[in-house]
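Each of the next two complexes has chain A plus one more chain, namely chain B in the first and chain C in the second.
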Partner chain A sequence: MSLNKTYKDMDYLLNEAPREQHFITGAQAMAEAVKRASVDMAIAYPITPQSEVMHLVGDIYAQGHIKEYYRAEEELGTMSAIAGAARAGVRVFTATSGPGLLRGLEAIVSWPGHRVPCVLGVLTRVINAPLSIQPDNIEMAYLMHSGIVMLHAENQQDTFDFTLAAFAITEKVDVYIPVSVATEGFFVTHAKGYVDMMSEELAFTEPDPYHAPVPVMDNEVPPARIQRDAPVQKSNFMSYLIHSVWQQEVWDSNRRAMKYIYQYLGGPVEVLNPGADVMLVASGCAAAQAREAHRYAQEEGLSVGFVKVRSIRPWPTDEIRDALKDAKTVIVPEHNIIGWLCKEVKASIPNSGIVVEGPRVYGGMTLPVELIMTEIYDALGMESEILQA
Partner chain B sequence: MSLKYMTPASKFKRYLPKDYVELVDYGPFGKDYSEVGVKNMGTFKELVEEHPMCSGCWMAYYIKIIFASLPNPEDTVTIGTAGCGRLAISQAAVPFIYGNYGDQNAIASGLTRAFRQRFPDRQKDVITIAGDGGMMDIGFSMTMHAWFRREKFTTIMLDNEVYGNTGGQESGMSVEGAVLKMSPKGKNFGKMPATQLAITAGCVYVVKMSPTNINKASKAIRRAIFAARKLGPTFIHAYTSCNIEYSIPTPDVFRDAKEKEKGRFAFEEYMTPEAKELFATIESKKKREVS
Partner chain C sequence: MASIAKRKRYNMRISGLGGQGVVTTAHILGSCMDNAGKYASLVPFFGSEKRMAPVEAYVRASSEPIYEVGEVVYPDIIMIYHSQVVTHGKSYTMPFYTGLKKDSLVIINTSVNVLEEEDIQVLTKLNAKVVQFDATELALKIAGTELATNMAMMGMVLGLTQLVTEDNIEKAVRERFLGTSFVTSGGTASLDSAIEKKFKKKEELLAKNMEVINKTFELADSIDLTSDDLVIDLAV
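Coming up: the complex of A and B.
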């Protein structure tokens, strides 16, 4: 099937192309981004709630927007095949959820070191027992130390924009590591929201594997003794050195992704009402609730600000520190029990004692705005009267 | 294939690594099998020369046969996993991919499909080469599913009947009763029926052998690659003893391989009617060209 596509760079697509508003689910938003990304191959394996995304991507393949698509045997097979296809020089996409992410994790955590550019959708769900299919983003904690770039979408619009931007960021010569786009299962993937999208006749410029910083494994330049990337074999200082400089380069690449997060997405954080006494810091779906709490607080005339974190990796230490420099209390609402975002925030500021642990919900619970408001009243020493009012 | 890239400008040649220049001048790239190939090993620059395998390693010998048999080394990519084999495979002048434990056939699935997209009019040969543990134990699901999906690449299992690289543990391909690490009282089940599994899963060409005859071994490898190009998955199950873990004195390695050939590695060759037809065409054409 030949579709009439006009290929454009990501700056044009995200920042200049005219957009029309649609009312769609988060899963649709991710698939619509894939449709515009000139993806060569998508590999799917079912798991709720991710399946919805990969069903839609399958439809897009059937319509001719993607050249190759198949259902793999399970997630380790999926993630390994993604690495194989990427090394052959094509643009790839897959998505997973919770237990699927963990099953594929051995391959996923090797991608940055293997310099595999790809986009991974993470539609979060419970991973720990008692198992459930409900939203909970604890799985993101397992990705945070892998070297992969991690974007966390608040809503359907973010899911669309972040996913599209991810395809450009992952292929940048000075990045060239995978980019994950996470958002909350069901709360975002299965709920509809307004998404401004450019025409589907516009598509991201096709990939050029010969602009990569590592050799594409297509044997187009024989003879070459090249390998990607066997273990460093010996127990000696050279092998330690190779491993260490390699991983330093992975994390430097991760940090270098930051300038593209500014370029395409306006930066790793969004700050409302800086300088307020109480600052709310949140990412993903929790940011939507925190945003709402911030709005309530403004209506009540309270000194409350809001920081939304778009990028979990690279972690915006300087931006967070700057946004929180005048805060007396920091509240970090989260959709997981361990508080991974809270730990990151605490580690970023000199006065971590001002950070409130929570509120946190997990196992599929929603995060009522009132829960955040309670913490705000508490922080401002005005809890009972207001709550009863 | 881009053989045009490989010929260096004459004035530049002296500055290039000797190994590269020798590969260009005396290697098998772009040459006919009758000029290079296993029959002429020792007379051309082989793709695998130096390697860190043990003295007397039958696996290293077989890997050299694999690389000398490639119909098109300038358009071949190999994939392997943890194990002794990749120590030699990774030294070859053919690009080699090492993924994670046992995932070689999954990587090959993505790679082969991507090559078909990028080079629709050209053949890129993809070969996975891994041990019995990598293929039949830890990579079992990915091995089998690649076959069920009819992925068009060649799978070669180097079966030394033990985890050699990790220190001699029982594998699914060890024989019943074998006393190995992790089977201190002897293995309590037999070898997994790898070739039968391959046939059931849809491989179009399947061979089991102890590669004591290099021409016969080479013919099987080439057939497997030719059939994978056009018809579907192919599988070679080769005996490549571990003379360390099974304490086979170096001078006896060949004798051991001959013995296995009379026993559980007796030559077996399965092919679909389509594969048979394909080989008849290719091999008669070759004969005509030679005569």
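Coming up: the complex of A and C.
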């Protein structure tokens, strides 16, 4: 099938190509990004709320935008197959949610060390009991120590831009580890928002397997990073050495992704009203709620600023420290009970005592802007309207 | 002229029973705002919707872009489509005024007063206004079907808030029932007779729905929201 695509580099696609506004769901936004990414292969295993994304990716496969697509047996199989396909030199995409992510995690955490470039959509969902399909994002905490690059999208527009950028970042020769794009299930995936998109006739330049730090696997070339030199067959000391080399390389690669996050997405953070007394720090959907609270605070003339964190890994320590250097109070709203973002923020600044641990909502509940406002009023020593329970 | 204190933003919670058109209203409200060049976002309750079971939908309507998402937990407008939401607790949020903010508005479709003494105490403290009217009776009387109850409820909230014009509403209702493809005048000529017949039926439906909405605008106009009364009972 001929689709008359014009291939362009990511700089042109994201920063120069003319765009038109569409009113679409987050799931559509992710699939539209995949459509423009010259993806060779997508592998799906459905789980709510991700199903919508991989269904739509299946549609664009049927339209000829993707060369190969199939439904795997379950997530461990999906994630293992993604590794196999990526090692064979093709551009791959998959997505999952909450329990599916955890089921695939054994394979996922091995991706970076094996230098597997791919893009993983994470449409958040409750993983802890009681069972629920709602968008708690605690699963992202489990991904934070895997070595994978993690972007967290606030809305449908971010979902489109981040997913497209992810395909370029993952294949950079000095990165070459997987990139995940997370956003909240339902709140973003199933809700419509305005998304500016370039023409679907424009597509990202196809992958160049010769521009890679590891050779592509085929029948004669075994995978660069496994069985031939399996550490398990060596002495313990050889094993420790290989492990340290691989993993240090992974985290260096992860840090090197930062310059591309600047190049394609304008940096790992967005800061509004820097230097304010109260700073709100949030990522993903919580950033949308915090942005609203920031607006209300501006309307009321309060000294409140806002930091949106786009990149969870690599973590922007310097940028966060700089954005919070004049803050008297830092409020971190989150969609999970452990406060993984809050822990990162506290670890980034010398005066972590100024960080308010919350507000947090659990089980995928809405994060009411009113809860953030109440924390702001408290921080500024103001009376606030008593909200009825 | 009735109008609750002008706000840039209204956060609405609509509670009703399955089949009453709660979610449909949310969609039409959203389209009305869009037609008026304003902003709206809507969220249905994701659960097990079925006839006569509780259904909730949430609408944010604003003159500015809206960032926040999710269910409206702290509404400043609550619409109750069925008295059983209050009297039988058929609602995801119990009691029905949970989270209601100060100086806010409650519109209840009922033929009798459904407020208990305790409800009145809470609502008085919140300086709320409660408008009770029999939207179902109004729908039956004007449109000849109780299916237009949601139109009466929507007309009342838009009449009281004056967020949009009647033209904006008509366009949104037309979109909902006839689809945008039917709006273009040239297209109708080429439709085959079966669709024409259907179209005629739908045109009548649209006209009746608009009659209901116009009537509720008149009713809304007759309300004095500046009065000290908590409850305003409207005869239909």
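List of remarks:
One rule holds in what follows: the second predicted complex is superposed on the first by the 365 of 389 C-alpha atoms of A that agree within 3 Å, B and C clash if a C-alpha of one lies under 4 Å from a C-alpha of the other, contacts with A are read in each partner's own complex, and residues count from 1 in each chain.
The working rule: a residue touches a chain if its C-beta (ideal position, glycine included) is under 8 Å from a C-beta of that chain, and two chains touch if they have at least 3 such contacts.
Being a predicted model, the structure only gives us computed values, none of them experimental.
Applying the stated contact rule after C-alpha superposition, one finds that A:148 touches neither chain B nor chain C. Once the two complexes are overlaid on the shared chain, A:27 sits clear of chain B and of chain C alike. Once the two complexes are overlaid on the shared chain, A:288 sits against chain C while remaining clear of chain B. Of the two partner chains placed by the overlay, only chain B lies in contact with A:40; chain C stays clear of it. Looking at the superposition, the partner that touches the larger set of chain A residues, chain B or chain C, turns out to be B. Contacts of A:265 after superposition: neither chain B nor chain C is touched. By the touch criterion defined above, A:88 lies against chain B but remains apart from chain C after alignment on the C-alpha atoms of chain A.
In the superposition on chain A, contact of A:367 is made with chain C only, not with chain B.
Chain contact summary for the complex, chain A toward chain C: residues 133-134, 155, 184, 186-188, 190-191, 285, 288-289, 291-292, 295, 365-370, 385, 387-389.
On the chain C side of its complex with chain A, the touching residues are 41, 43, 46, 64, 66-74, 97-102, 122. Remark: chain A residues 40-41, 43, 67-68, 70, 72-74, 76-78, 80-90, 92, 106-107, 110, 114, 209, 215, 217-231, 233 touch chain B in the complex. Residues 1-3, 5-6, 19-20, 23-24, 27, 29, 52, 73-77, 79, 82, 86-87, 90-101, 103, 106-115, 117-119, 124, 141-142, 144-145, 149 of chain B are the ones that touch chain A when the two sit in their complex.
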